[in-house]
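Presented sequentially are two complexes of chain A, the first with chain B as partner and the second with chain C.
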Partner chain A sequence: MENKLLEIINTVLLNRGNEELKDLTKNTQLRNDIGFDSLDLAELTVRIEAEFGIDIFEDGIVLTVGDIISKITAI
Partner chain B sequence: MPDIFYVDTLNGLRISYSQLIDDLNKIKSFNPYCHQQDYYSIFKSLLISLLIDEPIYLLDSDLSQAEIQHVIETDKIDTAYIIEVSIDKICDQTELYSRINKVKNWQVYLCTSGTTGLPKMISHNFNSITRMVKRSSKHSQDIWGLAYNPTHIAGIQVFFQAFLNSNALVRLFNLSNDVIIKSIINEKLSHISATPTYYRLLFPINKIIPGVRRITSGGEKLDLITTQKLKDVFINATFMNVYASTEAGSVLASENDIFTIENEHIGLFKILNQELYISPELMGKSSSFNLKEDWFATGDLVEVISEKPFCFRFVSRKNEIINVGGYNVNPHEVEEILRSIETIKDARVYPKKSSVLDNIVCADIVSSDKSLTIPEIYKILRSRLQEYKIPRIISYVETIQLTRTGKQNRS
Partner chain C sequence: MKNIIVTGASKGLGLCVTKHLITNGYHVIAINRTISTNLKNLKKDYPESLSIIMFDLANVNQIHSDIFQKELGFNRPIHGFINNAAIAYDDIISNLDYKKLEEMYRVNVYSPMILTKYIIRHMLLHKISGSIVHISSISAHTGYKGLAMYASTKGAIEAFSLNTAREWGEKGIRSNCIVAGFMETEMSSELDSQQKNRIYKRTCLKQPTSQDSVSKTALFLLSDDSSSITAQNLFVDSGTI
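Right after this comes the complex of A and B.
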């Protein structure tokens, strides 16, 4: 699941013309570390929902990769 | 001029006006609920309804029973309403026209998709449905391509334009590109009327077709790239944009994307919050119209070019604008940019719900050459579009979804 998440995050980065990430940690911050803006986060949530069937931003703020993993594993 | 009424290459039909009259003379029954696949049968039903001056309900052949029940509140259309007819023998075309010109009560009922997505019926009388038909000896040599569904208003208008001038009508709707191009060339078409989406899907044509004299476009906004591609193929054609809807019929025509309201029609149109409103005087009849103080809200957003003369151009459909976190994205603008990329043949831009922003913009693209990667497409888009307008998800697809009318399906 972490690999798939890395692939999705890298798709968002590559399509924006940014460098790919080699790995992720649970503490990696979506905005501060990866540099995602609101459009990137909106795309990320749609792509994650298509893959894992969960809207990660539906009920609250998601700041880190760990927050996403918690939401996905909670289903 | 050869005596030809209708040509349908797919079904091997070549019907003359004489045969049409023979066939009409043989008809002994009529079902006002016309739910048929065969275009020639639809035309015969339409003409019989005119000859007996009775209403006709034109239903798309692919409407489901549930949809039919919704619009006409019956599911027994095949047999329950058939009436016997006994028309006096029609001797020739002159007599056919003279009898049709005498209609008083005739109405044609058509389906419109309606704002909720469920079809609704709207009726037009003979005058409103033929409002833009040009009937004169100047048009006696025209040969028309039918590139619309014949049960839809644009298809019926093309039918009447051809029929009332004794022209040949050649089927171009729901055929493969090869058959369409062959039909245009072999049948020596002079006039084609279609949606911009229909024209776009014809490309690449790789031929010059000098015989076509008039290309009419309607139902959607025609973009400049498609116009130029059409001009490169139909080198002798003049271009006409028609603004029409099922509710109002054809109301405006222009040789470019700017529509001018003539002084005598100035009271029939108004613009409120960028949206075009049409006076009830121009409307067909239906209980389902979205009327505001008696004016029909078209749902079409326009940009006023000048007040005197009153000129405007269409920008988008109101319900097509995509809200991305408070920014409005016009899908037509994005599609036009996507289509300007050489390898992209067609594009469909649509919203996808996102809980972060209201929507994100997505795009399906059609291309016969997929060597251009998605990141490369993004690189091009970044130089041509503001960030919030760039589709966040772009997918290569084989075909673009179309509505029954042949317009892009944006739902």
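Right after this comes the complex of A and C.
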């Protein structure tokens, strides 16, 4: 699942013409470390929903990769 | 084949625009509560070009599950959206009934917004520079007695469209409104001929707005021919004066 998440994050980065990441840690911050803006996060949301069937931003705050992982594993 | 969502395709303008889309090679996903004979016949003639989802747009909370999760899924890309379904609750303001107002807002404003939310997400997933077309009404620009509540829903949609264009333009997603004048449909059928004539007199062309003309403008706004047009209100209204 972490690998799939890395792949999704890299797709969003590539679509913006940014460099891919090699790895993720749970503390990696989506905005501050990866540099996602709100439109990138919207694309990330739908890619995660299409893969895992969950809307990560539907309730609560999601700031880090760890926040996403706990949302996905909570289903 | 490009997929276009059209709400309220069972009759009136929605049916007209659906016919034009299908004959121009689009695939239409129609969302309405009922399936009229006309829509059924269209499905018979073009089975591959039309999918029908029976849904009541007053049920805003059901849109995600019933339309997107159960019916559409993520595999089929969506290239355009024509927000056409609407109801017209007309009365003078001193008779305003909150229940009717609230239902009209659900159908005319909240549902189109929620549909836009998920359609934009779909467009992002498939990297589609899609086009959104809202059907507004001249009543939002020229006041008519009895239409204050209805016109306000169209004003809300026009503001929403403008801001959609601003927010999503960098992803190539466009949003425009067609400001339609009075058309001869069921919606305007309760007006008597005197009232209609008064309305038509307030136009340059002195006649009702043609549904074909509105439909063809919608097709233009969906197509690449309008690729530099966004954040606009296009008046198709016989030239209201």
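Rule of thumb we're sticking to: the second predicted complex is superposed on the first by the 75 of 75 C-alpha atoms of A that agree within 3 Å, B and C clash if a C-alpha of one lies under 4 Å from a C-alpha of the other, contacts with A are read in each partner's own complex, and residues count from 1 in each chain.
By definition in this document, a residue touches a chain if its C-beta (ideal position, glycine included) is under 8 Å from a C-beta of that chain, and two chains touch if they have at least 3 such contacts.
Since we're looking at a predicted model, the values are computed, not measured.
More residues of chain A lie in contact with B than with the other chain of the pair chain B and chain C. Once chain A of one complex is fitted onto chain A of the other, the partner contacts of A:L13 are absent, as it touches neither chain B nor chain C. Applying the stated contact rule after C-alpha superposition, one finds that A:L63 touches neither chain B nor chain C.
Of the two partner chains placed around the shared chain by superposition, chain B and chain C are both touched by A:R47.
With the contact threshold set out at the top, residues 15, 39, 42-43, 45-47 of chain A are in contact with chain B in one structure and with chain C in the other.
Every residue of chain B that touches chain A in the complex is listed here, in rising order: 324-325, 352-357, 360, 374-375, 378-379, 382, 387-388, 392-394.
Across the complex, chain C meets chain A through its residues 74, 120-122, 124-125, 127, 168, 170-171. Interface residues of chain A facing chain B in the complex, by the touch rule stated above, are 14-17, 38-39, 41-43, 45-47, 55, 57-58. Within the complex formed with chain C, the residues of chain A that make contact are 15, 39, 42-43, 45-47, 49-50.
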